[in-house]
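Presented below is the structure to which this report refers.
All chains are identified by letter, namely A, B, C and D, in their written order; residue positions are counted from 1 within each chain.
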Amino acid sequence: MGEILQYTWGAIVSFVLAFFVGITYMGLSRIVTARVQNRIGPPWYQNFFDVFKLFSKDTSIHHGIMHHMGPAFMMVTAVMSLLIIPIFNGGSFFTNLNFHGDLIFLIYIMVFGPLGMALGAGQTGNPNSAIGVTRGLSQIVGFEIPWVMALVALMIQYKTTSIVDLMNIQAETGKWLMFTSPFAFIAAVLAMLGMFRYAPFDIVGAPQELASGPMSENGGKYLFVMMSSGAVFAFAKLTLYVDIFMGGANNLIILVVKTFILYMIPVLYGIVSPRYRTEQSVRFFWGWPTLFGLLAILQAAFL
Amino acid sequence: MINDKNSQKIVDIIRNYARKHSLWILAYGTGCGAIELPPTMTSRYDAERLGVRGAATPRQADLLLITGYLTTKSLKRVIRVYEQMQDPKYVIGFGSCTINGGMYWDSYNTIKALDRYLPVDVYINGCMPRPEAVLSGFAKLQELIQDGKANGAKEYKENLKWYRDNQKKVITNWKMPEYNW
Amino acid sequence: MMMEEIKTTIIDRIKLHFSDAVEKEFSYNRLDFSVKKETVPSILFYLKEEMGFKHLSHISCVDWLEEGEFEMIFILWSPEEKIKVFIHTRVDRSNPVMDNIDMIWRQANTYEREMKEMYGIQFTGLEAPEEFLLEDWNGPPPMRRDFDTEAYAAKTYWERPGREDALDVRETVEKRTGEVLPEFAKKYKR
Amino acid sequence: MREKATTLYIGPQHPGITGNMMVRLKVEGDTIVKAATEVGYLHRSFEKLIEKRNWLQSFTLLCRFCVPEPDPVEESYARAVEMIEGREVPERAKYIRVLVLELARIGSYLLWYGGQSGSLGLYTVGQWSVGDRNYILDLFEALTGARVYHMYIWPGGVRRDFPKGFEKKVIDTMDYLEKRLDDYDDLMFDNAIFKKRTKGVGIIDKEKAVEWGVVGPPLRGCGIRSDIRIDDPYEIYDKLDFIVPVEEGGDIWTRALVRRQEIRQSIRIIRQVIDNIPGGEYYNKVPNPQKWALPKGDAYARTEAVRGEVGMYLSSDGSINPRRAHFKGAAYVHAITLLEHLLVGENLADVAAIMNSLGTCPPEIER
């Protein structure tokens, strides 16, 4: 009984944490962007206003049940991946629901959200959504390959499919995996650029062509769910990267610092990049990132 | 408990505070006033400080800027766009041509007073309104939202027939879906 | 002078091929021809293909209500000779029919769509959507001189009261507020 | 297997569209098979209204023809009036006019930087350049009293002389801009992704370009040296030393390159104007505009704007009102027949970029 209670508490606390940190990061990224663009930019808590406003907006559009479910799928994905990703090193409170094989589970669950979104966007009948979703799915095909290759390399090298095991290995040897298997790290970071959908890989929701793509029919509460799931998912992904490559974190401050540094990679890269077309971005991911993924697997298999 | 009058008041204050600080403009340059929007959004004036930001589709936007004169052809699209927006929504009339026709007073193709066709919350006068004027318009709208006085959308619903009659007087071929809020 | 020679050659060649062309010279690099409307497609084609007037600069139309005619002006530009040629033609106002020239220059199609909508000039064989600038317009072609835009606007649109007497702003200010105009401002009065 | 074509509307409410117009696309997958434009959302019947105004009153309407760069329209109109009447313009006014036109060109190009890079998702350059455009607008404000609509170039000269210390302000702004332009280059023209997105997209055929009515930077981007400032010189352009840049290729990239060099040439022209400007009168005063009638006649004045050739056909019947003022904007050709032609076969993602590279300006189409 106590165990279940602890798990529940852990889930709630980590969700709230992920929500706040994720939304704050979004606000901070807006400030960083603004400063690069010679502006002052909004306050860091701007996105809380936005999220709350979206939540309090009326929503009178209804395109069918899948349209309702689309954002929900995204939220489910975000929360589920958050729950199996351990947030801190060693501590049992935030270990959450990890199990052996959770890396493989993650690979599956992380594409579940966009797939659900695709169904939802398809039902809105808006051609912009439909085209945006097909672009999004093709882009996923692009960055999934280096990403999976990086994970497979880690699995081969350390003969485990558990995130906690990987964290323990790092804690025991004192060496971060980003140094012991650098190729996997490079491949994974390049894949991360696509995962976060900042420029140059933001063709999915490009306002200039698609009027924000899959989101174009989703306003008000739908957009609230999507924004907050995006924030939670961003935090989950960043934590995952910190866990498996950067030795995890022992307390909140280290976690925030590490994730923020990681988060700045796609943000800063996005500020100075135009966007790729879909086929160009897929070609990009199947080029150097995949090569690094292959190198990582070779390193894991033969070294 | 939550429907209690006083708690509703508190909820309203918080809600209005959030709404006020997060105005998403629909990216629809209906007229020449749209030329002063890029300067308003960029470094010297930087409207993003006030939480003003562009939104790509009517579903996501809160604020419709009618940036100048509206031709009858445009008016039809603007009405459609306005009705697709989700409550709460606000309209800012931009420039003197939305107020009384401005220099287009004898043109056969532009409407002369915007508030006959759409509920306008704030007018910004001038032709062109300078970015400072635009910012002060935003600030005025924020004030109205905080006080709960920016009720254009509500008026539109209540007086829909009056607005519709006016709209249909100008748009001869009315082939549009009905308002579905 | 160089330009004079070019102009004379152009006039000679045009006169040779098109007997109804009446030329009118302007200073520097402008040359005008008036032709019958039947000649327009052939003279344009000749100018473009044989004489290097590759660039169609403008097509305009003027309504001469008093004379009962539309005047159409085609302005061509020769990138090599740096000279522009105006082709004027007159179309009967009661039965305005012209030949379509959009096979010579594709962009003439746009001009013709506008002329058709704004003046009611029919172009034989023009393939284009019905509406160009206006939508659901059921009045007379609006650019004709006999269409009164002010009366139409007064009839169709509601006008906010308060600007009827504002023909001269200074006078209106004086009248409405009782403010006395300074002396220097009075000389600008109507 | 044949895919079914979807109809996709871009505009009038669309962030990617420049201004207020619509492009109706038939799309198979990501490829456009058919494009049709629809304009008229901004038709204010200017030309009808000008017939009801007198020769000077028209200026309130003229500057609203094309909002990003109103001065070439005023210049065309003023020059057409002068042609009909035979009015002399003082030498100093000619220099000031060139200065205003070139400042407007720079301002408009800075806005174009924003549009072109924004259409490809590179918002930073746009934010910088549109922010820096304010300095040009400051100059306009000092000179004409308005940021956007200047109504400054009048028949017979210009409306006001330079304010005190204006020359130095102009030179300072030019110095600043020259420094900033290098920053834009680093981010935009040295950017591999920008090159990838623009090279080989929206190619205009060089052989057909003149016939199709392509003018301005798009034509120069095809490798044809054509600029009204040198072909049909007006004001004092024949006395100035500047280069008309030309690039071979005809795609978005070469058009961008042409514009990038032209903005530097404009700065060069402005420096020359400030160095060589003569003193004297700036305005050959017109009579009372309420009674000012022009002789019977017509004129067509062309000016090189950033979008290409803009012209004003003016016809006078000897009265105090214009008989007809017909404006031709470059976008009138570029954004309708040329755009419809260029879009076929292109990727859906490039629509906004192509429209921006052609300098589409709907208000000047519809007037």
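In this text, a contact is a pair of C-beta atoms (placed from the backbone, for glycine too) under 8 Å apart; a residue touches a chain by one contact, two chains touch by 3 or more.
Since the structure is predicted, the reported quantities are computational estimates derived from the model, not experimental observations.
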item: Gap in Å, rounded to a whole number, between the CA centres of chain C and chain A; value: 60
item: Centre distance in Å when chain B and chain D are each reduced to the mean of their C-alpha atoms; value: 30
item: Separation of chain A from chain B, taking each centre as the mean of its C-alpha atoms, in whole Å; value: 36
item: Chain A-chain D separation of Cα centroids, rounded to whole Å; value: 44
item: Per-residue overlap in chain A, given as positions that touch at least 2 other chains; value: 37-39, 128, 207, 211
item: Residues of chain D engaged with two or more neighbouring chains; value: 14-15, 40, 43, 45, 48-49, 52, 127-128, 131
item: Multi-partner residues of chain B (at least 2 other chains); value: 27, 42-43, 54, 56-58, 73, 106-110
item: Overall pattern in which the protein chains touch one another (line/ring/star/complete/other); value: other
item: Listing of all chain pairs that touch each other, if any do; value: A-B, A-D, B-C, B-D, C-D
item: Chain B-touching residues of chain C, taken from the complex the two chains share; value: 134-136, 138-139, 142, 147, 149-150, 152-153, 156-160, 162-163
item: Touch list for chain A against partner chain D, complex; value: 33, 36-39, 127-128, 131, 199-200, 202-203, 206-209, 211, 271-278, 280
item: In the complex with chain A, residue positions of chain B that touch it; value: 14-15, 17-19, 21-22, 24, 27, 42-43, 46, 48-49, 51, 53-62, 85-88, 180-181
item: Chain D residues within the chain A interface of the complex; value: 6-8, 10, 14-16, 27, 30, 117-124, 127-128, 131, 187, 191, 193-194, 196-197, 347-352
item: Residues of chain B that touch chain D when the two form their complex; value: 26-32, 34-36, 38-39, 41-44, 54, 56-58, 69, 71, 73-74, 77, 81, 103-104, 106-110, 127-128, 130
